């Protein structure tokens, strides 16, 4: 990352009269007096007027200020920043898909319905679940949908119940989603191995508890080996097991959540299934369920009738829609293409290589950074800044210094149960050379932490902007450009 | 690598998984396919979409608009497509500055003070607005116009079901707009918001000023939902008409129809409510050298910090879609956007006249429309639809079963992409179908 | 460091008894943990509280923390200055950064809170 020309805001490049687009002349005779009585705007104050050259350069230059997976190693724990295959972009852009209207009648979009039905089926096989809905737009949306499904199933059994159990290591979306479903959250403490404490769970699991939300492997990258016992504990009291599938990358082709007692799971297509993160979306969060919960799935359902697909809206127990139309279709296309590209052997290789890479990094850096939990890691490992704290260096400083080495930092400060956490998930698409580059940089930084801590505390040095004043941004928020005067 | 780790095979790394659940077989999924095979296969699947050969006048929450080439070209750059959420701002200034510009554009178009970095799509944006109004006013009743898109109303109901919020629907008049008498009868001190769509599900423009005044009279928020964002290029900004929260669907700004997703939810509000806004917010600040930079801010509203007390559970949003919209809006520019919107209005007006001139067709509602309108037919809609489809035309969207009283009607959408020739062809085909 | 006339809780609130009423705030340790405080959400005067119910929420850039009422009571006043200068809590947590004045429900409950010396010992225990 080299210092570059400061790129103005588009509004600062704007000048009256500039236009980038010419439209064809109106080809119908003008009707006078349309929109009579409707307040119309005279102007859009401050709205930009620029040329196409200016737009093209503006965004090309802006793009150069971003680090990205296409540029290099991006070890964000829990995010699964794997390479995004370009052929998937081509397929989702095929006019035969991209040009279809979501309100088109079912018989005219049989190809699209086949795509949806096929991905539902393949995800069902990969996750070991009986049915999938592809409506949810992201992981958190999937969680919300999943918890709503659980609530509906419990109501059908007679009682919605009051609580949801969530481990203290869980991602913030878990309690947040439970809350929107009208549940109160009870936290389950992790034990000294960083996993769910069975005794705590047994004590907390009553017939007032609707579900346990579990991530497996958990947010420390540790597999909950007691998962079958955990599931039984929950089921014996009439509750459901919800699995946050964010860490599926450790499991594909190795084990299936459905076989471990999970009743409802959400999958992040933008993690495990290679669809791009786009700087913050779009993602997609399909939800898989066991047979008992099928009747509650959002409508419409896609039903195969011979070699045709139909839409079934007649589902009286459905929780209803969780969004307009069918789902993140463009993202769904990319995920389907990915699965077809990998096949069964490829999917298993994903998990095997992801776990191998993470363990290689863990072993290589064990001597340099503190590991709070020594339990085996799966596809990600969590170090902390404890060893570096002595010289006043934090996980933030280590992260910022990594940027000087041309690498993206790991996830910081999550999970909350590890103070000063650095969560590293290399994914399977990194080569040995990439891993060694990262390990080398981390070792150098550990040495710098001892010998020259100021260098870390003032990092990064070579980026377009250096450390930003986040206090100022929160105290006096400026959330838009305003015209002066 | 195995030597460094101290194991002999990768299999040892999975020792923590109970043996009785480990897969002992291959997954039953097709593949692996080479790139050539994959493309051929998917092209074959796409070819099964017969809709591609049909002349379409479909709208109803998704709109077929012109997308300048530069939008695809720039938004497909790997530097925009492949990064994560900009939590490390020093290496994400491209994404962050684009979001800041996007937020500004949404504020300018809606006439409101603050906008978030995007939500999933229109229906969930409307649902989030209802939840926000409940928090702001601490009241548990919301009024939903029946002229709000049925999928949006359904999504809102799914979201509020477990939160003790009651939704009451407000009927519409013969003009196709919200019934003001019914609104004032239904408004009370327990109402947190009135949610109205404009242009509404029938394509008719609502009187946002009157609705806002009525809502404020009872201390409720006025929430405007906009499903056809292009209308903001020509119609008065909702913020200038008293609206407190404007939200909806921005697919019209540079996103392909794409069979319904990924789309782009937007939300903007008065600055008083910024702490209750869901979604990410990008703010301006300076770095240690005094240079301007951008960061995600006011994060304490969000789930990763506030957890169960967050304003929303939203995490991943629609950043790349917002980028497309930003490039689209900056390319179209002030005059281009206005002209594009105006062409929609003119073509729809021409079409409405041409179609009403056909015997057996009448415009159902008298209210002014943007680019879609409801026609009522002398024959049942399924018969009309079938006749038109036989001629390769998808003329409109049926309004039943959501509006059973409108079962002989359909919603016809005319954007700038429909040529005079195509509109005339529709009129001719309709004439023949109703003979 | 920690005023002797204050009482303290394990959640790092302090309470200064003044007759029937008491001032409540958070300790220097708390403000240090929170970092730069951006915003304080105060429950209004008139709110009745049980012991350990939140009377305010403090937001820093990266965290949110509830301020719990050390004893049962009713809020009679809140520190309006915090609306403009939330960082008064960082600058003067035991003085100008006070958060709320409550009418104490049961004065005997105050005796059950930690004294300054106990609180300092408690903090030492945390650091281990």
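Chains: A, B and C, in written order; residue numbering restarts at 1 for each.
We adopt the following convention: a residue touches a chain if its C-beta (ideal position, glycine included) is under 8 Å from a C-beta of that chain, and two chains touch if they have at least 3 such contacts.
Everything numeric here is computed off the predicted structure, so don't read it as measured data.
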Report summary line: With centres defined as CA means, the chain nearest the overall centre is A
Report task. Find the two chains joined by the most C-beta pairs in contact, please. Result -> A-B
Query raised in the report: CA centre of chain A versus CA centre of chain C: separation in Å?
Result: 38
Report task. Return the distance between the CA-based centres of chain A and chain B, expressed in whole Å. Result -> 21
Query raised in the report: What whole-number Å value describes the gap between the mean CA coordinates of chain B and chain C?
Result: 45
Report task. Could you list which residues of chain C touch at least two other chains? Result -> 38-39, 61-62
Report summary line: Shared-interface residues of chain B (touching two or more other chains) are 299-300, 305-306, 309
**Report entry** Shared-contact residues (touching 2 or more other chains) in chain A
**Finding:** 470, 474
**Report entry** Complex interface listing, chain A residues touching chain C
**Finding:** 413, 470-471, 474-475
Query raised in the report: In the complex of these two chains, what residues of chain B are touching chain C?
Result: 275, 299-300, 305-306, 309
Query raised in the report: What part of chain C is in contact with chain B in the complex they form?
Result: 38-39, 59-64
Requested in this report: Under the touch definition given earlier, write down the residues of chain C that touch chain A in their complex.
Outcome: 36, 38-39, 61-62, 86-87
